[in-house]
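Each of the next two complexes has subunit A plus one more chain, namely subunit B in the first and subunit C in the second.
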Partner chain A sequence: MTTAPSRAVSAQRMRRLQPYLLSAPALAVIALLFLAPSIYNVILALQSLSPYQAPGDGEWVGLENFTALWGDPEFGRAAFNTVFWLTGMTVVLRILAGIGLALALESPVLRRWKLRGFSRTVILLPWMVPQVVAIAAWRWILDGDSGILNQVLSALGLTDGGVPFLALTSTVWWSIVAIIVWRELPFVVMVMVAGLQSIPSEQYEAAAVDGAGRWGLFRSVTLPGLRPVLTIVVLVTVIQTFNNFVYVWLTTGGGPGNYTAVLATELYNAAFFDNELGAGAAIGLVMTAIMAVFAVIYLRMTSAREESR
Partner chain B sequence: MTGAPQTAPSAPTARRVRRSPDARRVRDLLFLVPFGIILIVIMFPVLWMLYSSLRPVQEISQGVTWDTLLADLSLDSYTRLFEATNFGRYLMNSLLVCAVGTVLTVCVAMLAGFALSRFSFRARPAVMLVLVATQLLPFVVLITPVYLVFAELRLLNSFAGLIIVYVAMTTPLSVLLMTGFLNSVPTTLDEAARIDGATTLTVIARVIAPLVWPGVVTVSVTAFIAMWDEFLFAQVFLTSESVKTVQVGIAGLFGEYGTDWGVVMAASVLAALPTIILFSLLQRRLVAGMTAGAVKE
Partner chain C sequence: MRRRTVLAAGLLAAPLAACSGGDTEGDRVFRQFDPADQAAGLLDAVELWNEEHPDYRVSMETLSPNNPQQFAREANAGSGPDIAQLAFTDVSFMAEPRILTPLDAVMEASPAEGADELLATDMTTYEGSMWAVPWTADTMALVYRPDVLERIGVTETPRDWEDLAEIAAKLTRDAGGRVHGFLFPAGAQFSSAQWFPINYHLWAHGSQLIESEGGIWRPGVETGQLVETIEYFDAFFTDGITPTSMQAVTDYGDPSIVGALGDGSCGMTFMPPAAFRAAQSAVDAELLTAPMPAGLEDGTTHLGGRALGINANCAEPEAAWEFVKHLLGPETFETYPQYPASSSTIEQIEVDPSEQGFVEQLPHAASFARYADAPMTIASLQELVNQQFSAVYSGQSSPEQAAGRIIATLEDELEE
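Here is the complex of A and B:
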């Protein structure tokens, strides 16, 4: 900084601008894919427009796209399916199985038998497989004609003839739930393992001195210790799953009938099959509004944790 | 999982000495056997996929018996896959899109990460919030508006369009991960280089990038896997056969009637191979990176 003062000043200004210039490409792509479309989505939701029209040719219809959703039983079913089956059921099962498998992975038995690394890799395996591949593999297992599950069940005498698991209303949701839980469980297990490792061992020792048994230790030390991680993992999995399109789309396409329709497939169908981009955008806005609640809770919790550090 | 408990020795003294490790062993097995069954159930779909892709087509719809378990395994399904479908094309398309996309994402993330790690500027908290918040945005919701914008820009059915989407999709997490890695590189080195008169871009390319290569690898692999796995945008954007990606290709293979499951499983194995290899190589780093948002110790 021994150069002429004017150069020093401009260098300083340059330096102040630098972080903005450096983040510009990242912010630009984010603006292009996330920000602009989000705003455009609001405009679209108030219009009637088909994918074959130019974007400017939309007809303004006010809140019609939303009022059409209100009394629509199909939308109601999709909303219920999304909340209860797609999100609720799979998140609850993932959390329960996730805690169980995390405890198993951390158990001294696996360490004694030197099986910890192997078990961890096996548990991670479904996560390494693309979602579409997971669906393909499971559709083959569940196949009504020659799937292995049907062969095993009829060999055991439990069923006669093939059960088309993805076509019967009694089995279709459980089948989809099984696929989702299988593929998405590893994330929960890994987070829970990290959560378990963050519980100081002194807490266990202290509780053991107080005479706590296995169950007592779990209730008085493990569960409270996992609480912060648990809340975050519930929020993250809810946010990830609520919007999921591919699991329902590639297993049943929303069928039989529209029995397994979810909001994401309704959005897709409205926009690209019924050619009503506005109706699709309206469903999208409803989804965004619901997810915004979870996102705000998530942001508050994470920033609160950041500050408390 | 293996081996029954050893037969108890006849001498009573020996038994007294051995009892406690034996009892522990039995108790271990009470844990290991059910746990092993669970692991087999978890592995099964992937193993079955691999096995089915190797079975002869005339047997694939029949049950497995011990006699025929390993008989006649062949690569016929793979041959059929490449002869009867455009899967080779899909593979090349996916590789191209994901490779270019990954390089771009890493560059974008490196620059932004450097800014967030080395400068304290006024908009920094806002940028951080944007990065976290965009990850929470329901992705499927963007499909209608993005479709319209990209149709207008004539970016449908083009790799360029999909690459832009993928770069944007992977940028938020990549920037956050890269910032974390850059924070662990001491600033003394880049300050020294800057005193020597190097520009910021030179510092990043010559000094920072070589030091932060574990971060570059982690971000590349995370981004590549996310792009490789993506289905929705590829499905909506790419309708002509010549530009389809692997995931869209597989989804097209399991049609409603007469699915050739041998071919579908062969395609699935090939589509899963890159991600399984990359994931296994970098298991710990990737798990740490992907769970970082949820757990911060």
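Here is the complex of A and C:
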């Protein structure tokens, strides 16, 4: 027989346990789908294992997979390409073009001509095209012999003979950057449009009364108003792009030579051509470590924003 | 009841009782990786089998392109197709972790037609056992427009590599640059088809990338020879015989190559049989094949192809072997447009005269067994070689630098 005080104690205990019980399923899912693969990746990085072997058949090699990366010029080049071209260049261009297009979409002219809906739909189109299809289409456009870009350039008298954009070191990175910016720009534009719409019109009116011109309005009202959105967009696009594999792989495969190799293509080569899953996992961990820095910044900024509300 | 029926049907029917433990269509799976448009004839062969063997029906699964690692993942997890088409170069990867069934016993108990005249068995043998059976064979032949060559008075195709360079240069020169004497995919990717002529050139000049002596692997080419080979292929670009755009192309069947064959702006290129047939059907002009330069010398071109393997998880490999035997037979090749990897079966099939180049060259071709089982995979070799040659074409490296990097990487990787 249970007494009333003991029932009260167990009820109290249940209440204490309740938050843990309620969050247990979510924690289990996180542990199973995120934590376990991450731990397995660390284990793999310390092993030599071929994709043809069973998971438990790897040979422990300690930090060998990491030390092999240290001083490897191929890895250094891939890291530079990933940071500078794949991520840095494309994010900067997307942000600049994104702000410009967002301002254009929010311009009174488009509103007056009732073209805002149409323009936004057109801007979104590249984003609706699957990456693989977009890259295949761009490869045709940039083809050195029959590509439409070469035909246009030739018709305009700007080039004599086809320019093999994806085969020349002088043009290949700019071509990849163009493809990424074209395909991924709509996301930035849409977020910027939302950011512009959140800026109170009174701020513009007040600044105009104070004598601000167009540049002054942009510098003193628009940019500060966009800053919170801008920070988040930069972080999200950096994280998305840094890990991207398909753009380089399907456009050039890392060529000419290894001029456009990035960390993701190095990872793929190591794991699936050299049959060294451990080496691939090690590269993946290095990428994760770099991205973790951005993830921490992102989390801090989003939590700071939530606290300030 | 079933056991009695099987016994009554005799020894041959016994293995057909079941594989993977199932007895309905779909339980026995044959996985192949030819693109769907090339596999219609193969499906006919499978359907023919199913008509003749209603108690052991097989469903054909297409997983294109070839993905041996997926098969390995499935087989290591205790599943996967019962019978699988495998590239020659992948067989040893599957044999090492024992995810295929060794075939020696079933082959001895129930020999296949033409089994003693199989080609490329060195690619399907691992540690003394046969892990898959060679099924189809192919190689790269020179593909050319006879009318384009005749225009400059060339009636014979090049006999050696120096001949090829001369004829290609003359074709381009005489046409004022409107004709590219020789087109070849020169992309940097591991899958770039330049890998084949690069090796053919090395082999024709007595070298190979790596070699094994007494089980010890080392580079099989001197720096000087490698520089010569790099310079040979680079000259096609520097002399304007091959357009720079080819440096972004990886596939021998690329539309830019087929299109150039069609409009007569390409004199010569190279292709395997399936790509040649696809090009023929896409082009109005006559296309012919000839052996590659030096291709009639033994071992100077590669013998590629596919093998058939039985999953180690297949419950009754004897039954699966009977199906494999059916696919190896000449009836299959009546509808399946591939060359059989058996010299006796190949004699029984009709070959279009335009494919004479393949037929002449195949008996002299040698498999990539010379690179198999090395500490460095063939895919890694392809990646290294294609990248370094591409680096020279694009002006990032000199031939000496590229050759030095290739040799140094080979030494490093083989030492491991």
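Everything that follows uses one rule, which is that the second predicted complex is superposed on the first by the 276 of 309 C-alpha atoms of A that agree within 3 Å, B and C clash if a C-alpha of one lies under 4 Å from a C-alpha of the other, contacts with A are read in each partner's own complex, and residues count from 1 in each chain.
Convention: a contact is a pair of C-beta atoms (placed from the backbone, for glycine too) under 8 Å apart; a residue touches a chain by one contact, two chains touch by 3 or more.
Since the structure is predicted, the reported quantities are computational estimates derived from the model, not experimental observations.
A.B. asks: When the two structures are laid over each other on subunit A, do subunit B and subunit C clash or fit?
C.D. replies: clash
A.B. asks: Between subunit B (first) and subunit C (second), which, if any, makes contact with A:T288: first, second, both or neither?
C.D. replies: Only subunit B; A:T288 stays clear of subunit C.
A.B. asks: In the superposed arrangement, does A:D145 touch subunit B (first), subunit C (second), both or neither?
C.D. replies: both
A.B. asks: Could you tell me if A:P55 is touching subunit B, subunit C, both of them or neither one (first, second, both, neither)?
C.D. replies: Touch partners of A:P55: subunit B and subunit C.
A.B. asks: Determine, under the contact definition given at the top, whether A:V233 touches first (subunit B), second (subunit C), both, or neither.
C.D. replies: So A:V233 only meets subunit B here.
A.B. asks: Give one of first, second, both or neither to describe whether A:G162 is in contact with subunit B, with subunit C, with both, or with none.
C.D. replies: After superposing on A, A:G162 lies in contact with subunit C but is clear of subunit B.
A.B. asks: Once chain A of both complexes is superposed, is A:R112 in touch with subunit B (first), subunit C (second), both, or neither?
C.D. replies: After superposing on A, A:R112 lies in contact with subunit B but is clear of subunit C.
A.B. asks: Answer with first, second, both or neither: which of subunit B and subunit C does A:D274 touch in the superposed model?
C.D. replies: In the superposed model, A:D274 contacts subunit C only, not subunit B.
A.B. asks: On subunit A, which partner's contacts cover more residues, subunit B's or subunit C's?
C.D. replies: Counting residues of subunit A touched by each partner, the higher count goes to B.
A.B. asks: Quick check for you: in the superposed arrangement, does A:L96 touch first (subunit B), second (subunit C), both or neither?
C.D. replies: The answer is neither, since A:L96 touches no partner chain.
A.B. asks: Touching A:L33 in the superposition: subunit B (first), subunit C (second), both, neither?
C.D. replies: A:L33: touches subunit B, not subunit C.
A.B. asks: Identify which of the listed stretches of subunit C (9-17, 45-53 or 63-71) has C-alpha atoms clashing with subunit B after the superposition.
C.D. replies: It is 63-71; the other listed stretches have no clashes.
A.B. asks: Overlap of the subunit B and subunit C footprints on subunit A, residue-wise?
C.D. replies: 51, 54-55, 143, 145-146, 272
A.B. asks: Can you list the subunit A residues touching subunit C in their complex?
C.D. replies: By the definition above, subunit A touches subunit C via 50-55, 57, 143-146, 162, 164-169, 252-259, 269, 272-275.
A.B. asks: Which residues of subunit B touch subunit A in the complex?
C.D. replies: Of all residues in subunit B, those touching subunit A are 28, 31-32, 35, 38-39, 42-46, 48-49, 52, 60-64, 107-109, 111-112, 114-116, 118-119, 121, 123-124, 127, 129-134, 136-149, 151-152, 164-165, 167-169, 171-172, 175, 200, 228-229, 231-232, 236, 247, 250-251, 253-254, 261, 264-265, 267-268, 271-272, 275-276, 279-280, 283, 287, 290-291, 293-297.
A.B. asks: In the complex, go through subunit C and note every residue touching subunit A.
C.D. replies: Spelled out, the residues of subunit C in touch with subunit A are 68-69, 72-73, 76, 93-94, 96-97, 99, 187-192, 243-248, 250, 255-256, 259-260, 376-377, 379-380, 382-383, 386-388, 390-391, 393-397.
A.B. asks: Mind pulling up the subunit A residues that touch subunit B in the complex?
C.D. replies: Residues in contact with subunit B: 16, 18-20, 22-23, 25-27, 29-30, 32-34, 36-38, 40-41, 44, 49, 51, 54-55, 101, 104, 107, 109-110, 112-113, 115, 119-134, 136-141, 143, 145-146, 148, 151, 155, 182, 187, 190-191, 194-195, 198, 229, 232-233, 236, 239, 242-246, 250, 264, 267-268, 271-272, 277, 280-281, 284-285, 287-288, 291, 294-295, 298-299, 302, 305-306.
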